[in-house]
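You will see subunit A twice below: alongside subunit B first, and alongside subunit C after that.
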Partner chain A sequence: MTVLTPQGPLEGLDLHHGNLKLSAVALGRVSWIAPYPGTETALSHALQAACSMSFPGPGESRESTAGRILWSGRAQALLIGPQPSAAIEKCAAVVDQTDGWAAMRLTGYGAARALARLTPLDLRPSHFSRGRTARSLLGQVPGLIIANEDGFEILVMCSMAETARHEIENAMRSVAAREDIPKEPA
Partner chain B sequence: MRLPNRGRIDRSVSLPFSFDGRLLTGHPGDTLASALLANGIRLMGRSFKYHRPRGVMTAGSEEPNALMEIGSGATMVPNVRATVQELYEGLEAHSQNHWPSLSADLLALNDLFAPFLGAGFYYKTFMWPRSFWERLYEPAIRHAAGLGRLTTDPDPARHEKAFAHCDLLVIGAGPAGLSAALVAGKAGADVILADESNEPGGRLLTEQEYVDGEPAARWVAATRARLAQMDNVRIMPRTTVTGAYDGGVYGAHERVSEHLAARPRDLPLDCFWRITTRAAVLATGAIERPIAFPENDRPGIMMAGALRSYVNRYGVSPGRKVALFAYNDDAHRTARDMQDAGMEVAGVIDPRSEPPEGDYPVFSEARVVATRGRHGLRQVQVQSKGGATSIAADVLAVSGGWNPSLHLSCHMGGRPQWNETIEAFVPRPGAVPGLVAAGAANGVYDTAGCLAEGKRAAGEALAILGVTAPDWVLPEAESDAGSGRTLWLVEGKGRAWLDFQNDVTTKDVKGAVQEGYDGVEYMKRYTTQGMAPDQGKNSNVNALAILADATGRSIAATGTTIYRPPYAPLPIGVLGAGAQSKGFAPERLTPSHAACLARGAPMVEAGLWYRPSYFPAPGETTWRESCDREVRMVRGAVGICDVSTLGKIELQGPDVGLFLDFVYANGFSKLKPGRVRYGIMLREDGHVMDDGTTARLSENHWVMTTTTAAAGQVMAHLEMVQQCFLPRARVRFTSTTDSWAQFAIAGPRALDVLNTVLDSPTSAERVPFMACGAVRVGGMEARLFRISFSGELAFELAVPTRVGASLWRLLLAQAEGFGGGPYGMEALNVLRIEKGFLTHAEMHGRTTAFDLGLQNMLSRRKDFIGKAASTRPGLRDEGREQLVGLVSRSRETGLSAGAHLFAADAAPERLNDQGYVTSSAWSPTLERHIALGFLRNGRARHGERLRLVDHLRGVDVNCEVCDPVFLDPEGGRMR
Partner chain C sequence: MLIPCPLCGARELREFTPKGSAVTLHRPGEDAGPEVWHDYLHLRDNPAGPSRELWWHGAGCGAWLVVERNTLTHEVTGAHLAEEEAGP
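Moving on, here comes the complex of A and B:
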């Protein structure tokens, strides 16, 4: 039988600039879930039963021991981790996107300042708190940005992962270099 | 000349720098301007038009004269204001706008001809002979005039763009701005305090004043420290807010490392910020107003406030003997400061009858009527009530009052309003939503007033945010700004400059009125007053006053031109930050990218994707050799091509069929599961938008394939249809382009190759033409489509992206065993032209289904987008240009895409144009040059001979019209 070797995007990514760190995230299974008109409640129940999570509202995410579900656009979300149950597939469109997305995590003091070089999102903790998600641009690369406890998770289309990495690294370098500017006497 | 014991400079450190090649020294805390003055240099540049010797006039970003080139080679930046450039070790500055040198500028000849060179001179003089303008006049004028030079090298500097968000943006950190930031910070609002200078304080750093009983600078330091301790306050020094835009967005330019001698590699030179805020306080201060008196432009003549800045903040004096000319009490404060600094005050010239007295000569009811000194001021001539007097002085400080810096308040189209009491324009409240003016920017000039204004403005801004302003007791400060009147003009012999940067004099404004350009906008354009980098910061109101006087109107009735962004000049580099090289556009890479590069394939861009153009084999020297071989390989054996770039949109739901019926011109709902259908989509205007195939994988599960370039457009189109036209349809779709690696396997041996990789071999009967289904490869779920873009027996095999690179290597190895291999875009294009298949070269947005010969695909049984428009008679007219094939009559000369078609005996001119060529190729299969194109009534003209002319490439060849399908029109090979 044919043997195929898997190879993911951003494999081994682990960049450090100043106290910023950019690393690859292995998401596991990613399922795109979109309820049909009128089936939103049924979907939430099915999700609750299968993964102990409800369907997230705009800009929200949910987490349970089974996995996570991230709002990813109008009437759609990404289920990270579990295989969607048959009940979920009954009331929503479900597409396996495990290979479609590449994920990175940007952490460290100043992570928001680095992303502020690339995205117009308001990333202040008061406006983009832990668990919030937003579709936006990183430079010119479309992506999904999620706030977590010590930084951000960034999902981009697999084919543009290299460009996104390049853009983020550039921003990290800028922010790290600013740390080294001689401070003015107060 | 450096003054002892004054200024905020660090005298323990000496910074060497150079000016026009002269080695000089200054200190940390100096600007380039203050360091030059400390070295006794007053002549800093030449004026724009008359090449008049000029010195520094101000101490801020409004400086019109002291413009320098900083740096050398590719990093040189022209038109840098020496008053803004902080000094650093090794700074290299050059004066500009002179030839051959600053002190001996031959172009100053212009000044002798000044009577002939007034405003409007070019328009009247260089009319004839007409052809001389481009060849002689313009180059000569450009050599003689202009500000600074640009390097032609690419900009090596690292620029940056960034976004910031806050509740309150405080623009300017003088007394009003500091007070506003303090109040808002205490209230807990997210505050950004932006200031042009390297440290906050504004005029509190330049005046000898007390705040809360201590020297003002000490209060500034304490306030700055308090602000720095607040987590919700961000101080941005060296940051000029340059524009106010819709939605609470402000542009700001931060000079990040322009002040550093050694710049770390990754540190940007500057950063362009887009700051989004809910409210803003305009605390930008005021700019001192010059007086238009005769010969008011000599080096040594400067604004009174600027002189105090140099003496008090930088500990430097521009001369030894100071004269002052002012219509307000500020001048007398200047005189006291100068005496305090140990300089001689030669006289205070005041037009008022009872000016304040001082321990120096005071001339009342007096005016400056002339000045002397070619490269620097030597003498001031005064006409006073006591008669004419000459005063020896090398510095003349001037103050004609103050103009609030209200520019940002005009950026959304609002005009300022004239305040008769202070004889100045002030910001119109509400001109920019959420922007509250405070302090000198609002026409309040005393320090106590500014502090109170800052508190008031912060209160108003906090009210916008719904936050209560905290209690804060205002510090005590000077509450008397002194009285003053305005003097716009001193009549006399000699020119009186208004706009120093553009060399516009009072005479030019009066001349504009005489020529009939008496409106403010006309006057500006006729004289060029207020244009160029300083945007009229020093001259605008004075010019209006002269215009008002010349036309007999009031200043309020004359009005003002509008101020536009940016407030201060912005380097183009910072606006394009991040867009160089790899930042220009995202690069989308296929699963086989690395393997294609390893085979030496040159890449070609398709949309954002990078695709291999061809795969050179050993011994091949041109792309054509590789391409021809790859075409023959596919026709004779088998070829592999990565088609992962084609847009893949997965649709699910019970209503997908209905949805597709509406989007596609042909029917889809009756397509059976396991089958694929070719379809075309129209735009609402009836023209073809895109084509592609859609496969029905199961009852409710479909996959649409779009062209590579139009994938985004089709996705947006589907969203529009779903959200606007069919919101209740039970259909959901998402792009899966990046999820699947898809490879075309084409050629007579395609099935053989396919069966080597499938877990269970298949046959042409089990997978007939236009069938699809699930298969397994290496134990993984995969999808198989029997579709062909080459006209050969062909399959497309899709596997999850993560194993795409692996499958590509495997397929190539297998194909090579059958005499095949990879093929690139060039071969793919030739294959599809031979078969008459379309791409966006043909579906270029102006062609209809009728033009493409696809009119039978327009369903009569259902409605679809574009149907109504496609039935318009004009879009089905037989005379339209229709798709045809073309074969060259010559074996040597190819047909070129972009060429036009003419009757064989017609002249190749526009009026005889019969059509054009969209795609062309050498067909290795037919061994002829072939092409696709559009020809008037082309379908009825097969067999006709035409002349093909490409005027751009110089191609002129005869060709024959034929069916656009050159090869296997019955489709036997692919079926």
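Moving on, here comes the complex of A and C:
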């Protein structure tokens, strides 16, 4: 029998330009969670019981041994990793979006400068510190950006993954090219 | 122009879409007379100065905002969630 291997939209992505590196991230299961009105506290308890995490506030993310949960807009978050428990599904709308998202990680010195060419976000660590999430634009592609210890994780809708990769690669190339310009003597 | 989204913080104009005057948050009751409905549907002030507008943060958190903006200076003086006025 033919064995079919599942493939992600950014399968094998591994780009290097100057100090910058862009690689694909395998997220595993992605569940979109939106609490029904008035159930935020109950949902946090259910999440705590199932995954040892509370529901994140605006721009926040939480991490535990079970997985991660990323704020992804008004009254919604993405649960990455675990299967949502029945208690979670009772107090929130839950949709399996595993095949809907593509994730990549941009790391290296100057990662913020490359992303700043595409997004209107203020990426300075004082404003966008480690663990913060933000919905914004990458060029024309809407996405979710997460600040990591050594760069950024970028989630975009699967259908726009190739456009996002192209835009980010152009930005990486431009930043790397500027680093190659010899400094003028003072 | 930066709009201070209560969920996302100050964000640039390109993430937002304007919808016009925030009067549409306060819809007349079903039993209101035709004059009231006519006023609600068609008659708008055109203020030169402080205004209240609906903006959608579509490329951000997806929330509808009531933005207070001065049409003479383009100064944005505040923003809050539309659901606080109209209910979720």
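Just so it is clear, the second predicted complex is superposed on the first by the 181 of 186 C-alpha atoms of A that agree within 3 Å, B and C clash if a C-alpha of one lies under 4 Å from a C-alpha of the other, contacts with A are read in each partner's own complex, and residues count from 1 in each chain.
The rule we apply is simple: contacts are C-beta pairs under 8 Å (C-beta built on N, C-alpha and C of every residue); 3 or more make two chains touch, one makes a residue touch a chain.
If you're wondering where the values come from, they're calculated on a predicted model, not measured in any experiment.
By the touch criterion defined above, A:Pro37 lies against subunit B and subunit C together after alignment on the C-alpha atoms of chain A.
By the document's definition of touching, of the two partners only subunit B reaches A:Gln7; subunit C does not.
When the two complexes are overlaid on their common chain A, residue A:Ile181 makes contact with subunit B while staying clear of subunit C. Of the two partner chains placed by superposition, only subunit B is touched by A:Val94; subunit C is not. Set against each other, subunit B and subunit C touch different numbers of residues in subunit A, with B touching more. Of the two partner chains, both subunit B and subunit C are touched by A:Pro120. Of the two partner chains placed by the overlay, only subunit C lies in contact with A:Ala134; subunit B stays clear of it. With both structures placed on the common chain, the touch criterion links A:Ser54 to neither subunit B nor subunit C. Within subunit A, the residues touched by subunit B in the first complex and by subunit C in the second are 37, 74, 76, 120-122, 127.
In the complex of the two chains, the subunit C residues touching subunit A come out as 7-12, 14-15, 59-63, 81, 88.
Partner subunit B is touched in their complex by these residues of subunit A: 1-8, 17, 32, 34-37, 74-76, 92-101, 113, 116-117, 119-124, 126-127, 139-141, 157-160, 162-164, 166-167, 170, 173-174, 176-178, 180-182, 184, 186.
The touching residues of subunit B, counted against subunit A in their complex, run 158, 160-165, 190, 198-199, 221, 224-225, 228, 237, 256-257, 260, 264-268, 274, 276, 578, 582-583, 585-590, 608-609, 650, 652-653, 723, 727-740, 756-759, 777-780, 799-803, 805-807, 810.
Every residue of subunit A that touches subunit C in the complex is listed here, in rising order: 37, 58-59, 73-74, 76, 120-122, 127, 134-137, 142.
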